[in-house]
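Each structure below is given as structure tokens.
There are two complexes below, and they share chain A, which is joined by chain B in the first and by chain C in the second.
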Partner chain A sequence: MSDIVLVSKNDAEFTISLEAASISPVLKNMLSSAFMEGHQRRVELKEIDPHVLEKVADYLEYRYKYIDATEDEDLPEFEVPTEMSLELLLVADYLNI
Partner chain B sequence: AADLLDRKTRRISTLQDICISQISANILRLQQSTDSKDDSISSQIRNTLGGISTQNMNKLARTLSKNRALNDHTLQLFLRTNLNTLTFHDCSKVSYEGYKLLAIFAPHLSELSLQMCGQLNNEALMYIEEKLPKLTSLDVDGPFLINEDTWDQFFRKMKGRLTSFHISNTHRFTNNSLRSLLENCGDSLKSLKLARLDDLSDYSMISKYLSNSSFERLAIEYPSREDYVTDDIVVETLSKVGSTIKHLSLNGCSELTDASFINAQPFLINKEAGVCLLQSLQLEELDQLTTDGLVYFISQTPMPLLKFCNFKRCFQLEDPALTELFLNDAARSLVTLVLNSLKEVRGDCFEIMACPNLTRLDMGFMPCAKDELVKKLGEQNPKLEILEVFGDNLISAKAQIRAGLTVIGRQSDTL
Partner chain C sequence: MFKIQIRSPGGLDNKSNTTFDASWKILKDAIKLIFDGRVSELSFQTLFHAVYCITLRRQGEKLYEELHHTIERRLQDITRTHLHSESESYLRDILSIWYNHCESLRLISNVTMYLDKVYCKENRKPPIYHMGLDLFRDIILKSSKDQLQDLMIQNINAARSKASQVDFDSLRSLVEMMETITDEDSTYYATEFEPFLLHETQEYYRSHAKYYSGDLTAYPQEVESLLCGERRLDAKFLNSDVSIKIAKVVEEIMISENIHIVAMEVVPEILRTEQYSSLRLLFGQCQIQNDRKKLWKQCSQYIVGEGLAIAEDLNLKKKTQVAVKWMQEMIALKEKYEVVFKSQEDDDLNGLQAVNEALSVCFNQNSRKTAENLAIYLDSMLRAPSTSEESFKKHIDDCIAVFKLLKDKDFFEKLYQQQMSKRLLQQRSSLKFEKMFVNRMREEVGAVFAQKPDGMFRDIALSQTNNTRFHQAYHVPVEYEMNVLTPTCWPFQQMSNEEDVVLPSALEALKLDFENHYMKTYSGRVLKWAYHLGSMDIGIQFSKSYHIITMPVFAAIILMLFEDYVELTAQEIGDLTHIEEKELIRNLLTIAVAPKTRLLKKQPMNKKILPSDKFRLNYSFSAPSTKVKVLAVLSKQDSDSQGVMRTNNTLHDVAMERQGCTEAAVVRLMKGASKMYCDMLFEETRKILCHRFDVTPDLFQASLERLVEREYLQRDSEESSFYHYLP
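Let's look at the complex of A and B:
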């Protein structure tokens, strides 16, 4: 399993697995194309605030972890802080997740 | 779909769903805890949810629409702001009360677009007219509750104000409604769109009233019977507004023939500029248009500003028509080109195709599309990013695709 790095505004970095990142079709595309992102395993998302991107990274790992969860398994809720919900929604839309 | 096949029923909510339910829950909570007449409630809601800039408002509206989550509650997010323009792509869940709130608490709106606004009723439309003093542009899709009388009233009130009116998908917009629009607002209108209006038959009156010397956009699309929009009507209308028009759409007016374009051609040339000012030209489903007619039209009409061109399902067109387009000034400015279903095109025209600004090309259902052509198009059009090839079964997994170009719709790409 290889890791990739998401870079936010103010150059904060968040490391997640490639599999988790690939849940977002947008990130997957960036990572598989021949663009710079593909070689460096870094995706620059400099429009996005660090605390929001951190939440996005958390979500992707959460989603990947439970991707095979069966119906009767209990899943923990994914918590979104109220004060972040508008901003996070716009980012989630952009990343198509 | 893959989940269905695997018999998986468990789906983890998308992050968008999680955010939206969080937002809705909080709006509800705040509405219940404060007096709804309280002026600060909307800004309080926005602050609680982390705030959002005015620039991002329309993005938010789009995201909510995409998730089918725009309703009277989430509408609160857009109230009491300085917004000038607002587009709701899916208003199907907004009630007439919601529209009234919008009209009262978003008084700065000058351009309003309400798509799928089935619940917009007579009262709400008049509210919008009354409470939005700056409104100049209205785009409504599916306002089937608004009747003839209300349209008439609305246009009388909007006299001298309305510069842009787009309407589609309603059977209650009649000849009388159109006459009222044109009589009251015909001289101020710069942009007019009439699409899929089942009860409208008299399109001939349009040419009599449009008189704004900077008219820019005309769209007459999918009349309920094809013989309602004839060559004479189009030529007559373009003789009035053709020299300044920037956007022309005649999608689905399948009665039209070459005569429209041959006869209207002189009117489309702007005298001062010496060229045609069209930026977008949409001629979908004009199946009577011939290659000879279009070759003549394009050869006589320099279109150095044309960015968007759509010849989808103009079945008779052959290579020379497209060759002429690629020889026109338009080749340098074109950004999007739709050639979907042009089954008579053999592909010779692409030899000379070199469009430096073309980013999107739809060549679905064109029998001439082959692997070699994909390679050639990528090489000759350096900015091409998206190539649609649905229904082109000769394009295989072996096609050489230039870096940066995305090919959509190949059979070999299916999961």
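Let's look at the complex of A and C:
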């Protein structure tokens, strides 16, 4: 398992696994194609605030962890602070999550 | 109250001040680098973000058009620079352009994901990737279409004729390419290439079939090896469903299009040379029902030819031998082809039907002759002394099979009854086998057939019981057997004046005794004696040896006169016995002229019988065995005329019966329908009677006339072909 780095506004870095990042088709394409990001293993998302990107990174890991879970299983809730919801929505749209 | 503050996001397009042109420039330069394969210098994120910003600013349409335009120009450039029609590696050139294009498109469409997601979906435009494929189709494939297809088919045909090595990988890749690219609602492959491929395949095999010069019987093998080769070839670059289509085309061209040659020439040749495995192949290749029918028809016609070629072997002396040999050959023919056709791929019924149709034609070429031969064949089977039950059952099956194909079934029945009655009275056959045949016929053709035979069996059985009783009740000096026959069941005509015949006294007494005995049991019945059907055994001591002689009753009556007389003229014999003249002469010929059974000496010694000829017992008679059988001879012309007369009688009987049957059928039909058109009535009547005989229009018309005359039917006053039933 290899890790990749997401970089936010103000150059905060978040490390997640490639598999978790691949939940987002956009990140997946970005990292698997011949583009620069593919070999640098570093994605700069400088338009996104650090606290939002952190939440996104958490969410991706959370999704990846339970990727095989069926619907009946009891999953822990993923907490989304209400005040952050709009910002998250925007990023979700961007990353196509 | 606790108030939740939702931060309003600033948006991700924080460089909102950038113009479309600036963003587009970034993308345009990037696309150029992508096309040139320098993608690793680019940042996905930057490009993705640019597309994102443009799309968000509702400039998606403009971006889409620019992309379209850029890709289009790029392909046009490539056509000019990379695609040379004289290039030897034309096919591979196209492939390499295709692969590059696909890779570039994939990268571009990755970057433009957001555009696809937001703009294309909403505006129902094809995603960028598909748009790029469509452009490839419109620019590269349309311009190269003819050359591409020609080259491909050249390669394929070269592979078909094994002329040269063919690059199947390229072909396969090209086919895959065409299957990837859409065209209208289907793929480019399906709309453009497959019709072309199938058409060219037709042409190829059409000319192949036209110039086929091999052995006719090898034609199915040739087709099979073509199919096999084609399958191998197709597997290398086509999908299996296309292979099936192509195989169909090959069969269609090689078999269906040439079905006339195949049926008219190949089939007879195969049958003639008995190469039945080829026939099997051919039927496997012939998928179309109608064509198969044609093949079967030809098979059938071939058998007809073979069947008609089986002539009666007139070198054989006896009519029986001729008939038996002919039947055996016909049955052998039938069995031969049944076995051959049973092993064909087709369902068995078609093959058997073909054999049956063929034989039906052969048999009905001269239906009466066949009926006669069949009857004789059966007769000789039943007379054969030592037939095993197993083989007899087989013969019965053969006979029934032939019978079923026969048109003149009633004619056979008549002959069969005549012969059967003789066998029964002369005890020449085993009752068990006789009954076996009748029972099988009852199963196969219905109870009507068995009616008269059953009557005969009954009479024979009853007579045996009667004889035993008679022997117990009376003192009978000789062995004596009587058969009392019900006239309706037995096919004999009563001789007119047998009543007058004077019996020797011993016999006369016996006869009276039997009559008395019979009347006791069955009062009210009339017994009529049919001497001509009987026979007698007489033991005589000649000068050299003692012989037991079996002879017709009339001959015996004549012979017994010489117990009392030494010499008699023919005239005197007639006066003493009252035997009818013709019968008298016949019996005198039998015992005085026929070389092996000359029991009487005739004066003068010649072959004619005149009233004045004198007869006396021939004591010098001798024969190799103690038992001698006297066969009633017929002078040559006599026998011929008698034979003809018998046949004519039979024919007459049959004709009368047919008339009756037809009339009955018509009346039955009209009773139900009450009115009907003549044609319809004819068809229906025919249908009803087809299991017995074929109703001819003449017979039908004659029957109608008679029914009208007898006022069963009435012709419509206005329409002469319309009939009413008169109740």
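We take it that the second predicted complex is superposed on the first by the 95 of 97 C-alpha atoms of A that agree within 3 Å, B and C clash if a C-alpha of one lies under 4 Å from a C-alpha of the other, contacts with A are read in each partner's own complex, and residues count from 1 in each chain.
The rule is short, and it goes like this: a contact is a pair of C-beta atoms (placed from the backbone, for glycine too) under 8 Å apart; a residue touches a chain by one contact, two chains touch by 3 or more.
On a predicted model such as this, the values are computed, not experimentally measured, just so you know.
*Asks:* Can A:Tyr59 be said to touch chain B (first), chain C (second), both, or neither?
*Replies:* In the superposition, A:Tyr59 contacts chain B only.
*Asks:* Once the structures are superposed on A, label A:Leu45 by its partner contacts, choosing first (chain B), second (chain C), both or neither.
*Replies:* After superposition on chain A, A:Leu45 lies in contact with chain C alone.
*Asks:* Please indicate which partner A:Ser85 is in contact with in the superposed arrangement: first for chain B, second for chain C, both, or neither.
*Replies:* A:Ser85: touches chain B and chain C.
*Asks:* A:Ala20 in the overlay: touching chain B, chain C, both, or neither? Say first, second, both or neither.
*Replies:* neither
*Asks:* For A:Leu6 in the superposed arrangement: first (chain B), second (chain C), both or neither?
*Replies:* neither
*Asks:* Under the stated touch criterion, which partner chain does A:Met30 make contact with: chain B (first), chain C (second), both, or neither?
*Replies:* second
*Asks:* In the superposed view, which residues of chain A touch chain B and also chain C?
*Replies:* Common to the two interfaces on chain A: residues 33-35, 82-87, 90.
*Asks:* Can you check the complex and tell me which residues of chain C touch chain A?
*Replies:* It is residues 4-9, 11-14, 39-45, 48-49, 52, 107, 110, 113-114, 117 of chain C that touch chain A.
*Asks:* State the interface residues of chain B toward chain A in the complex, per the touch definition above.
*Replies:* Against chain A, the touching part of chain B is residues 9-10, 12-16, 18-20, 22-23, 26, 46, 48-52, 56, 59-60, 62-63, 66, 77, 403-404.
*Asks:* Spell out the part of chain A that touches chain B in their complex, as residue ranges.
*Replies:* Touching chain B from chain A are residues 33-35, 56, 59, 62-63, 66-67, 69-71, 73, 75, 78, 80, 82-90, 92-93, 95, 97.
*Asks:* Name, in rising order, each residue of chain A that touches chain C in their complex.
*Replies:* Chain A reaches chain C through residues 25-26, 29-30, 33-39, 43-45, 47-48, 82-87, 90-91, 94, 96.
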